[in-house]
Each structure stands twice: as C-alpha cells, then as structure tokens.
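Working notes, structure below.
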Amino acid sequence: MQSQLIERAKALLADGTVDRVLGWKAGEFAYDMTPALFSSAQELDEGFAYDAFCGANLSKYLVKESRKGGRVLAFLKPCDTYSMNQLLKEHRILRENVYLIGVPCQGKTDVETLRALGITSITAARQEGEDLVVETLYGQRRIPLAEAMAERCKACKGKKHMIYDERIGEEGELENPDRFGQVAALEAMSSEERFAFWRGELSRCIRCNACRNVCPACTCEQCVFDNPASGVDNKAAATSFEENMFHIIRAFHVAGRCTDCGECSRVCPQRIPLHLLNRKFIKDINTFYGEYQAGEEAEGRTPLTAYTEGDVEPSVVYTKGGND
Amino acid sequence: MQVNEGFKPTIVAFCCNWCSYAGADLAGTNRLQYPADVKIIRVPCSCRVNPLFILRAFQRGADGVILCGCHPGDCHYTTGNYYARRRMTLLFSMLDYLGIERERTRVEWVSAAEGVKFAATMNDFVSTVTALGENKRLEDLRCKAN
Amino acid sequence: MTNSQELKETLARISGVDVRKCMRCGKCSGTCPAYDEMEYHPHEFVYMVEKGEIEKLMASPSLYKCLSCFACVERCPRGVEPAKVVEAVRLLVIRQQGCNHMTPDQIPALLDEDLPQQAIVSAMRKYSK
Amino acid sequence: MQRIGVFVCWCGSNIAATVDVEAVAEALSHEPGVVFSANYQYMCSEAGQNLIKDAIRDHQLTGVVICSCSPRMHEQTFRKTAAAAGLNPYMVEIANIREQCSWIHKDKAAGTEKAIILGRAAVAKVHLNAPLVAGESPVTKRALVIGGGIAGIQTALDIADAGFEVDIVEKEPTIGGKMTQLDKTFPTLDCAACILTPKMVDCAQDERIHIYAYSEVEKVEGFVGNFTVTIKKKARFVDETKCTGCGLCTEKCPQKKVPNLFNLGLDTRRAIYIPFAQAVPKVATIDADYCNMLKNGKCGVCAKVCTAGAIDYKQTDQHIEEKYGAIVVATGYNPIKLDSFEEYAYAQSPDVVTSLEFERLTNAAGPTGGTLLRPSDGKHPHTIVFVQCVGSRDTSGCGKPYCSKICCMYTAKHAMLTRDKYPDTEVYVFYIDVRTPGKNFDEFYRRAVEEYGVHYIKGMVGKVAPQADGTLMVQASDLISNEQLHISADMVVLAAAIEPDKSARPLATMLTASMDTNDFFTEAHPKLRPVESPTAGIFLSGACQGPKDIPETVAQAGAAASKVIGLLSKNKLTGNPCVARSDEMLCNGCSSCEKVCPYGAISYEDKEFRMPNRTVAIRRVAKVNPAVCQGCGACTVACPSGAMDLLGFSNRQIMAEVDAICK
C-alpha cells in the first residue's frame, strides 16, 4: 500500500497536478508517525510512510496549506474525509488548492493500545490479513487486528470516503457502530457519580492544548482561550473550575461540527477520554434534533445554526431524566 | 427536599429586553414579590446569551442561572429564541452529564404580559436552588475568597 | 367531594372528553339521526355533564337511544365528541350495577371458541377504562 | 478610566420607601471610577435632569449611571439628557431599582442591598461602554403596495396624495380585489361597485401611481428605506399600451367554454377576456390554458379583429427591478375550500352555494343579471337557508380556529336583501352566536329580524340532503325550542370561513416578515403598532393581518399609508447603533453567523492581511451591514472564535455585569 501511494504521489508531482504532498513519516520512533510535507520524489522515497500507526488526521493541516499558493496533495482516510467536508463547509480550506486521494484503512493502532497488550520496544508494524504483525526488540508478535485497534477505530463510522478527487482501493461501506455505549453508561450513573468520574478525569488535565491543537474543528484564527479580550482567556487551568470550563467550552464550540474523529483522545498525554464529551453532544443532537453526522456534506446548516419550531424544550434535561 | 434555612443563594437571571424583562417589569408594577436574591441582566434577546456567560456566573459564585426569553414563535427578532433553545438544551444536558446539578440551570419563556408567571418562576427557582445549597461542583474558590 | 363531582371526574376519565370545549352550537343535535327518540339530546348531554347533572342522565332512557353512529363526533367543530360522553354515561350505569372493571387476566376464563375476536376486544376496551 | 456619575432616584416614595437611596448613593460613590454620586426625588423631572446635566459638565463625566425605574420607561429620557449636556447618549446605563427592586421587596435592608448590587453592575458596564453613533441610510422615496384590493388601493391613494410615488402589484389582470365581486355593502347597503370603481379610476389616473396588474413579486432584497424588488409581469399576450379595451376580441373569440372565475365559475367566458366592465387597467388578457392559438397555433381570430394591433402571441413574462423605501402588504383573503364539509352537500348540489357565490347571483353584473335564480334549474327559490360559521371557530382541524368576523354582517345583509326583493321567500339563518359589534351593525341585524322577518335560529345545521324533487332537506337543531328541524329548502348558502391568500406565505419568507400559525401577518405590536410588521419598512394593510370588513380595512389602509408617509418623508434613517460588529482579525469566515442572522445582515469578503515576513494572506471575513442589523446577537454566540460582538451589549460588558452581581 505504501509503495502504491508513493508512486501515485510521484506521478502527480511529475505531471504538475500538485507541487507538494501531505502525508506521514516516521518520527523519533517507528510508532510515532507524524504528518509531513514532501515536495520531491526523492523526499517521498526517503521518508513517506503509510502503515498501521498513521492515525493522524491530515485535513486540519490543509487550512494553512491550501492558502500558501500552489496545490497540495493530501491523503485522507475515510474518517478524515468527514473533517475535510466540515472544513469545506466552514470555508476554511480552499478546495481548488488541494488534491485529495482517499486511502483505504483497516483501522489504526497506537503505541498505547499495544503497550496495554504488553507489547513494548516496537520497531515496526504491518498488517497481514486480519492480523497485525509487530516487530519488537524482543522478537515478533502477531495479534488480531480487531484487538490491536485504537479505541476510536473500534467505533469506526465506516470505510466509505465522503470526498476525494481520486481513490486508491475499493469503495468502502458505511458501518453503524455503537458509538454511544460509554456515554449511555455515564448517563446511567447518578449525578454524584458522574461528577466524581469527570473530576477524576479532568483534574488530570495539564492544559497542554494538544486536544485543541489537533482538533480539525478547532481552527480559529485565535482561540478564545488565548484572547485576552474574550473575557475567558486562560492559558493554564488554575482551579478545578477552569479545568472544567476549558473542556465544556471546547466541546460546545465544536458541537454540531465535531465529526467524532477521536483525535482529541488520541493525542491526550493524560489519556482523558475527551471524545466522551463530544459524543455526548452528538448523542443529544441525534436524540433531540434527528440523526446528524457532521462532515457528511460539504454544505448546509449544522444543528446549532438550525432549528425547528417544535424543538424540545431545555426542560427535557430534567423531565426525560436525560442523563439518568 | 431539605430546605437550607438562612442560605441566600446568588441567582443571575438573563432576560430578553422585549418579553421577559418587560414581564419582570410587570411583576414589579403589580407588586408581585419574589426574593431579592434574583438579579436581572438585560440582554437584547435570549440568543445573545453565550454559554460563557453562564459558566462565568457559576465561576464567580452564582448558585443558579436562569434564562428567560420570549415564547417560541414570539421572538422580537423572529428566530432568536429558537437558537437559544437548542444551545441551552445542549449546554444544560452537558452540565448535567458532568455532574453539575441540573436544577441550577433553567430556561423559561415569559412574555411581557406574564408578570405573574415571572414572579412565580423566580420564587420556584429560588426555592429549588436554596434547597440545593451552595454551588460547589462548579465553583472557582479564588473568586469566592474575594 | 360530592357525588356529582366524583361522577364528573370519573366520566371525564372514561370518556377523555373535555366538555368545556363545547361552544353550544348544537351541530351535534342538528346531525343526530336518533334525535326525536331522545329525552336529552346530544348537546344537552354535554351541557348537563358540565353542570354536573350526570345522575339525571344516568336515569334517562335517552342513553340507549344513541346509535353510536358518531355523526356528532365527526361534525363537531370543537372536537368535543358527544357520543363518547353518552358511552361514558352508559358505562357509569354499568359500574353502578356492579359490573365493574375487567382485567386482562379475567379474559381467558370468559373465552369460548365461538366468541368473535372483535367482541372480546370491544368488551376489553369498554370495561378496562 | 471613566469618570462616572451615579444618580439615584427616589421616585417619590416608590423607590425611597423600600430602598435607602442615600445608602445606595453613598455605597456606589466608592466604586472605582465613580467621581460623583447624588440622589434626588424625581430624576426624570426637569430639575432632576438639570442635576444630571450640571454634573456632567462640572465633573467632566464620561459615563452616567441612573438608578431609577425600568430602562423601558426612561432610558430615552436620560439618553437625551446626557446628549444635551454633550455626552454621548450611549454612555448612560440604567439600574432598574424600581420595577425590579423596590416594588417587589418589602424588606428595606434586602432592597437596599440589591439596589447597590444592581447599581454596581451598571457601573461595571459603563466602564466598558463606548460612545456609539447611529448609522444613517438614505430613503428611496417610493412605496410598493402588494395587492390591489380595496386595502391596497386605499393605501396607494393615500400615499400618492402625500406626494410620493407608489407602485401597486396585483396578481389578477385588474385591480379591485374581492370588493369588485360584491353586490351591496353593509350596513349602509350602498353598491360596492359604485364606491369602489371611482377609487380604481383614481389609481389609474394618478400619475404618481403605477399599476403592475397581472404581476407578482418575485424577489425582495435590501432593508428599510432601501428595498430592491423584482416584479414578474406575467405575459397577457396583449400589448397594454395599445389595447383600448374595446372588448371586440372578447366577443369574437371562438373559445367560449372557459369557466368565468370572476363569477366563481357560475358561468363561462372566452379565452380572451376582460374580467368585468370597469376593470383597471381595462385591457384584455389571453388565458393561455384555453387559447387555441397559444395551445396549437390554430386560430388567431382576436389578432384579426383587433384594430389596435394589440394582440401579441409571442409576449413573454417580463422581469422588472425597482427600488422602494417601504413595502405595504395587502394580499387579502379568500374563502376556504369546503371539501371537508361533506355534510353540507356543497359538492353534490349546485344549489348549495357559498356566500361569495350568492353575491354574484344577486349582482346585476353577475351570471343571472341580478335576479336570484337557483343555479340548478334557473327557478326562483322560495326557501333559503343560511348557515353561519362554516369552518370558522372550528378547532376540529377541518376549518379555522378563529372567528372570520365578517360573516354575521354579510349574512344579515343577504337575508335582508332577499326578503326585500322577494318577500315571498322564507329565509332562515342558523347561527351559533350573532356577533355585531360596530357602528350601526347590531341595528342592521335587528332590522333583518324585526322589519324583514328573517328567521334567526340559534343552532347549527347538521346535514343537507339533496332530494329527488330537486329540493334540499336541511336537518338542523333549534336549541331554544329544543327540537330538531327539517326544512325543505330551495337553496342553502354557506358562510365559509376566510383565510389569508395563498400567496402570503411565500411573500412573508421573501420579506422576512413573520406570520402566525394561520398565515396572517403578525403586527409589530398587537395594540400599539397594529399596521407595522416587526420587520422594519414592511407595513400591513387589510385582511392579510386578520379578518376585516371594508370600513376596518380602509381605516387600516389609511393608517398603513400614514406610517409609510412618515417613513418616506425622512431623508435619512437613523439606525440602532447597538449592532453586531465583526473583528476581522479573529474572524474565521466560517459562515456560522450568517446562517443564524434573521435579517441577512452579514456578508463576506475576501480581505488581504499582512502576515509575518512581509507575506500577505487572503482571508474570508464577515461584514455586518449596520443598517440591516437589528442587534439581536444571535451571531455573537454562533461565532466560535468570539469575533462577532454586539455593540452596547458586548461580551465584556455582560460579563462585567455578571461579575458585579456575583461578587
């Protein structure tokens, strides 16, 4: 697969369709695959990689890249195409300056998932059929892919690309995973238990801003938390309130726009399940206003910029006992 | 429900200029009593109320926040309260999900003619929040120290 | 609570009718095919229920003159449904005669093979309220 | 730092009885920035206002806080006071310590404490106030009236009379509307045509009035004072400038079997037609659905007989764009369809007619030449039953929940006129209530009963059954004698409910004017602004706002006209300065704000920004049109980056109030 991608990228560079390529390359270690730009065949040969660790969603990088002049090629996994569409809807990416290739994905793994399975000192990983073969300093390990997949890939929305200029591999199909099981479990708890749960999680937040910086919905020219004029600027959370507020506001700002790509939880160094905040909004939106999947379309209104006259009243939160 | 005798909650009420603020004025004109714990902030429309304002109020020590606007369909700006309704529904549900007592937040539609409803709503909200006691789950101790 | 009030509430529960919606246009009585047979006419049923004179209605043979054709229900401009009021008064009479509620677990004992399904369902609908 | 003055009003004892005004003034004098603090018996009095003005001058105040009654009461007063002393009026904030404090609390300590907090919040807000200047926009001195019935005609005449240009857009080939179809008008019984047609002629002859007949509004852009409207002039296949209205073509056209809609289909007309003799403009129109020439190219008779050469089979729809300062909606009403009232046998028997059809049957210009004849056999009817409230006050879903208002009076008129002309006819009126408020209205109804012997029966008709002998068996209840009646009638006349014209709903969307659930236009205030729509620059005339009879319609038409004249006589409009503003440095160009703006006030432009290292970036940023923005603030919350803010109610101002209250 990797060589196929490199060949196609080279061809598009050669015929002048694009002048640079956005893809992945290995970082310090084999498992920290990092987004990277390539502008020649040589660079592609030397560095471009596409393997089971290439989980990073490249769409957000196109916000800046598409404004730099020239045309950039980007490889998008099925779940990344939702973010792409959402960013197009918000006029954040100049469509004419990007060339999109949809690439297949069987689910990605990450080092934390493997570590939890007792696999360390990883040097490489590749997919072989239904298995993931991991090379380590202590030899080879073979695990079923379904087990090795990152948490978010276990709730994959499907292998269908929402947008692309060309696609490598077969057209995938939509899937309908149970994405809301964990949210429902939380909702079933008592208010006190939920409070204890979230305090336990959010109190670990170190405000590294990784979740915000990686989030494809967080592309503001200046974040309200960095803007002294906003009245809520807050570079580091000093109190439990500020820990809560940052995540509530961030989730609210991306509500209706979040495609549930799961990048926030993937990059969180403290392993806070941030996607459970976003999924709560998605679940509520689906329940209250009808099924909605951000990024399915590149046009139209998001649930928070739309309404119907018969919408539920906010009191639904008390009466339906929404969360318990 | 236990009633916290002597506890005086701090309650912020955001009222839209055209209906609810006028409803509050009418409650006053009719001399309808409700506790002095309620302090009203006038906004042009319920859709002006940013979730940030509500969180800010809790941060600074509010024990309850209520948003009042025109009845759906009667918005002075035609559609403002429809957006407010969605925003607040989702925000309140999220606060509840985080374990913040859901009774501390409320939305009520009060028309300019509903002075009685305004006073009744405030009386009810104050007693609900009083029973809950001080807001501790969403507080900023530094602000309370001041 | 007085007997009349109690009857009124029971009747409201059984019939599901809000008699206060009536604006006294008389279309029910204008439409009723059994009008001339009745001592109390459809509009009077509704009005007397509102006034609480339900016992008078229960004693009247008019109850059994209503054909349950539902023409009044169909044509009432306010959706008052007078025929349901009549039916509910009949049920009140039946209740007073001791033939009270029927619960689903009583049904198997009452079944026999020739009984039409529809009759069982109607009886259940009638006696379960 | 602002220099703030605080003025605490006693409002006689209204405030001072439960709020210690001196303590409030004293407490607030210690707030940061407060350089002057006073209390006075009546701040709104001339002396009170002078106190404020003097303090502004003497202490060089940059901000003013008035602790008094509701800002809804005196905000304007105090803003003017400040302006008179040279301070920007938007540097004034009111702390409402009467309606929302002294009047609702009995405990003086609690009231005083709350008043101090409210004052503190106002002081905190004023610190962040900035002088605001209202934007101005020019006014196009021309009005558009949509609908050419009596409402539209009267409005147009009144506006033109004041010297302004008016255009009337009417979807039918002639102006005149429903009133042209009526015979006599209550309660004076003068003939409708006699009082209406002179007004139609006035419209045609007034050089300031331009009539777009057989036309529709297709698109509306812009805002109060500056609307741009696209009008579709439908092809009538006759050159309006050449047609003399001689009517020869309408006699020679071989296609005779076209239902005559002016007579509600009670007779027929030709494919080329002039709706009625007094039509304005008096120009023929070809009905493309029936014209043989237009359908299959075989005929051309009208072109041959037309000496003016006005026939133009190739005519197409024209689109005209015009600018207006104000728009009046006068789209009127229609009787509802009676399909869901089978019990009245309207569809089965031609002798069951609606009241409007009855008007045509008694009108001298109608299908029977004014002699009342049964549609089925052309015989004179001897028993007529009128049924009121057919579909009115109906919450069952078949009709309309409201009272149609005009039916009681026109039914009394029909009954009276029938008895007057044909004393041998028995006339029954079945009613639920007879509602006749209005000058000489009840007297009129009583005359029908007392002088003309009309049988008014309290009760409703339950069933109308056509009989084999051609009569109609009417079964009804008589609630007073408590019996069921069976009347053998020759005709039944149904007073059908009226509803807004179907064109109103799409028009409301174009105008961003709001409607109620019945599709009547909503007025800006039900009592105090009854002829204005909440959308600035849109006015309401006639039955599009609610059921109305002719006198009321004409009164409202005049009122709408006077509002339009008031608007058009201004050279410039001063807007509300509390509008949204986008910080282009923060704007993402994401369009969230645009989607929630009810006024279309937000547009986008691609703007160049200087970036580090002497580079330039082009970004899409939002721009607010201050003349269109009404200041609701929906955009400010939709904006994820906080780029959008509302002047006068900024994020920081509201948060400052929150902080002051929660302190």
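Letters A, B, C and D mark the chains in the order given here, with residues in each chain numbered from 1 onward.
Everything below uses one rule, namely that a contact is a pair of C-beta atoms (placed from the backbone, for glycine too) under 8 Å apart; a residue touches a chain by one contact, two chains touch by 3 or more.
Because the structure is predicted, anything quoted here is derived from the model rather than measured.
Here the chain-to-chain distance from chain A to chain C, counted in touching steps, is 2. If you average the CA atoms of chain A and of chain B, the two centres end up 36 Å from each other.
Chain A and chain D have CA centres that are 50 Å apart. Note: centroid distance chain C to chain D, computed from Cα atoms, is 46 Å.
Multi-chain contact residues, meaning those touching two or more other chains, occur in chain A at positions 224, 231, 304-306. Counting partner chains per residue, chain C has no residue touching two or more of them. Shown for chain D are the residues in touch with two or more other chains, namely 596, 638, 651, 655. The touch graph of these protein chains has some other shape, matching none of line, ring, star or complete.
In this structure, the chains touch in the following pairs: A-B, A-D, B-D, C-D. The touching residues of chain B, counted against chain D in their complex, run 10, 12, 17, 21-22, 24-29, 31-34, 36, 39-45, 47-53, 56-57, 60-62, 73, 76-80, 83, 87, 119, 143, 146.
Interface residues of chain A facing chain D in the complex, by the touch rule stated above, are 67, 89-92, 219-224, 227, 229-231, 253-254, 257, 301-302, 304-306.
Put simply, chain D touches chain A in their complex at residues 585-592, 595-596, 604, 617-620, 638, 640-643, 651-652, 655. Listed in rising order, the residues of chain C touching chain D in the complex are 21, 23-32, 35-36, 41, 43-44, 71, 75-79. Looking at the complex, you find that chain B touches chain A at residues 51-52, 55-56, 58-59, 72-73, 79, 82-83, 85-103, 106-107, 137-142.
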